[in-house]
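Here's the structure, in structure tokens; my notes come after.
By written order: A, B, C, D, E, F, G, H, I, J, K, L, M and N. Residues from 1 in each chain.
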């Protein structure tokens, strides 16, 4: 196995694992947040404005965690500096 | 094993694992959100509008996490840059 | 082991794992959603319409997660681009 | 080990794992749904019709998840395209 | 190791794992369902008919999941198409 | 290692694992069912007949799951078709 | 390693694992059943007869699951057909 | 490694694992049973006789599960038929 | 590696694992029992005699499980029949 | 495999695992915090100011944990001192 | 690797694992016992004498489990009969 | 593989694992602390000063645990004494 | 690899694992004990003396478990009899 | 691989694992303690002095557990006796 193949393999595997493991936590956290928002809305419909606003800010912050993972996965697939280095090296050889 | 086969194997495995591990979290999160929505609807039928609207926005945000995984799986199967590179290299050889 | 065999093996294994791991989350989520729907129906029979409608929309969204996995499994068995490439290559050899 | 044996082995293993892992989630989900249906029936015997109907629709949707796994397992045992390809190839040799 | 031995070994192992892993979920689900049925009977003895009927339909549906596994295990032991193919091949050699 | 030894080894291991993993679920499920039956009996001694009857039917259904595993384990030890085939083959050699 | 040694090793290991894994479930199930029986006795001392009788029948059924494992472990140590076959074969050699 | 050493090693390991894994379940089950007995005694001191009697019968039944494991561990160390066979064979050589 | 070393290694490892895994269950069980005893004493100080007596009998029975493990660990270190056999054999050589 | 390839592979894998494992904890922690904030807002709408302020400070502190992981992942991909050393060494060779 | 080194390695590893795994159970059990003692003291300050006495006896019994592990770890480090045998053998060589 | 590469690889992997595993505990702990602070603020708005002060001291102490991990990860990447030693050795060679 | 290196490696690894695994249990146990102490103090401020005293004795006993692990880790690093033996042997060679 | 490299690798890995695994327990324990402190402060603001004092003593004791791990990690990186021995040996060679 040459370097290029090995880096390609590891990048594919790492990208897949990064995004699939990385959404487990945010998905559970967001599910909990949405669920409590609905309970709170049912208990106190008058505070709907504050609750919805706080919920969306909270979801955005949790979503940002999943987006870190998505960014890393995309970097590993489309902007991988190690892959670029090896390709450049192979081309310049 | 040549490079092409190895990259194909790893792409198949990574695509399968990405989507199958990646839906566990969203599925549990959405199940929790839907379940609480139904409890809230039963408790406060008058707030049905707000509850349903908040639920669907929440579900869309959680679904987006699973869609990140689906996108990565599809990229790995149908638009894999590493595979394309190897195919191009093999064709141009 | 030649390329074709290896890709076949990995496709079979990945398809099986994708669908079997991929239904665990949706099944638990749907079970929770259905269970809460029934509790809510018992608590508030008058809101049966809204509850049932919200339940079915929710189930459809959760089911969509399992269908992503089923689609990927089917693609890996019947429309696998890596397998097609290897078959084409073997036929054209 | 020749290709045919390897594909046979992996198909057997994958079929067994697919169905055995795949029923864990649906079984727990259905158990939860049935259990809540019984609690609801005891609480509100008058709503028996709606509860039973919603339960059976819900069970059917959860059962569909297990059936996806069963279908994949059956495909892997009796309609495996990779196995058919190898058999055809061996016969035509 | 020849093909026949390998297929026999994997079939034995897969059959054992299929049925033993496959009954965990249904057993827990049925235990939960039966347990709730008993609680409901104690709470509302008058609804015994509906509760018992719903319980048995539910148990049958959950049992069907274990039976899928049993069927696959039996197929792997007594009607294994891969084994039959190898035996036929060995006999016709 | 010859075929006979390998099949013997795998059969022993599979039989042991099948029955030991296979009783975990039923044992927990039955424990839950019996426990709830006792709670229900204490709450509603008048419904003892219905409760006990439903309990025993439920236990029988859960026990059937463990018996599937026991049957498979016994088949693997005493009526293993793969072993019989190998013995017959060795005798006829 | 000759066949006899291998079968002996696997039998020892399988027997130990069978009984040790196999008592986990029944022990937890019986502990739960006994615990609930005691709670029920404290709540409803008058129903002591029915409770105790139901408890002992339930314990016997759960114990039967552990006894399946014990039987398999004993068969593997003292009446192992594979071992007997190998011994007979070695003696007749 | 000769047969004798291998059987000795596996027997030691299996004996240790059998008893150490085998007491986890009974210990938790007995702890639960004793704990509930104490709660029940505090709730209903008058029923001390029945409670204590039921507790001790229950503990004996759960203890029997651990004793199965202890018996198997002792058999593996001091009355191991496979070891005896090998020793006898070595002595008669 | 000669037989003596191997048996020594496995005995050390097995002894350590036996006692360390074997105290997890009893420790949790006893902690639960002691904890409930203290709750019960606070609820019903008058029944202190019966509670303390039942507690100590229960603790003794749970402790016996850990002592089985300790006995096996001590046997493996100081009275290991397999080690004695090998030493005797080496001495008599 | 030369040093450069190995370091590239390990960096890719470590970066992916770092961020994907590292967001699980913060996501769950933030989900819990947001959920409780919503419950508190529904209970005490008058304290919305204090609650929201405390929530955002808390989220920032928990987010900082995920950012440590993101920083380490970015360092491993884009500012890896070990990679730089090897590249420099290769260039200067 | 000679015998002495191997036995030393395994003794070090086993001693470390024995004590580190062995304190998990007792620590959780004692934490639970102390916690309940404090709750009970707050509920019933008058029974402080009995509660504290029972607590300390209970802690001593649970501590004894950790001490079994500590004793085994110390024996493995400082009074290891297998190590002594090998040293004696090496000295007498 | 030369020493330098090996130490680089292990440092990268250890740094990534240290920080990603090391934030799981603190994140959950801080999430719990922030969540309870919000509940307490809603229950007792008058004690906001004391609660917020105690919360921030607590968060700082828990954050310190994650910072230990971050410090170790940074030391492993940027101030690794083993790496420095090897570099110095290689330079002085 | 010579004996000295191997013993050094295993000692380092064992020391690290011993203390890191060994503090998990005590930390959770102490957290639980401290938490309950604070609840009890809030419920019954008058019993502060008894509660604090019992808490500190309890913490000392649980801390002793972690100290066993710390002692073993320190012995393995700084007073390792196996290492001393090997060093002495190497010096006297 | 020479001794020095091996000891360096294992020290790096052990240091990272020690601190990252070692903070999980204390972080959860401290989170629980801080959380309960805040609940108690909200319930009983008058006892703030005693509660805060007990909390900080408790946190210090739990923190000490993490510091044991940090000390061991630092010793392994900066004052490792095995590394010092090997360096001294290499220098004196």
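Convention: a residue touches a chain if its C-beta (ideal position, glycine included) is under 8 Å from a C-beta of that chain, and two chains touch if they have at least 3 such contacts.
These numbers were taken from a predicted model, which means no experiment stands behind them.
Under the contact definition stated at the top, no chain borders both chain A and chain N. Chain centres here are Cα means. That of chain J falls 30 Å from that of chain M.
Rounded to whole angstrom, the centroid-to-centroid distance between chain D and chain K, based on C-alpha atoms, equals 47 Å.
Averaged C-alpha coordinates put the centre of chain H at 11 Å from the centre of chain I. Annotation for chain G: residues touching 2 or more other chains are 1, 11, 13, 15, 17, 19-21, 24-26, 28-33, 35-37, 39, 41, 43, 55, 59, 66, 73. Under the stated contact rule, the graph of chain-to-chain touches is a ring, a single cycle where every chain has exactly two partners. Following neighbours round the ring, chain C first and chain D right after, the list reads C, D, E, F, G, H, I, K, M, N, L, J, A, B.
By the touch criterion given at the top, residues 1, 3, 6-7, 10-11, 13-15, 17-22, 24-26, 28-33, 35-37, 39-41, 43-44, 46-47, 50-51, 54-55, 57-59, 61-62, 64-66, 68-69, 72-73, 75-76, 80-82, 85-86 of chain B touch chain A in their complex. Within the complex formed with chain J, the chain L residues making contact are 1-2, 4-5, 8-9, 11-13, 15-17, 19-21, 23-39, 41-43, 45, 48, 52, 55-56, 59, 63, 66, 70, 73, 77-78, 83, 87.
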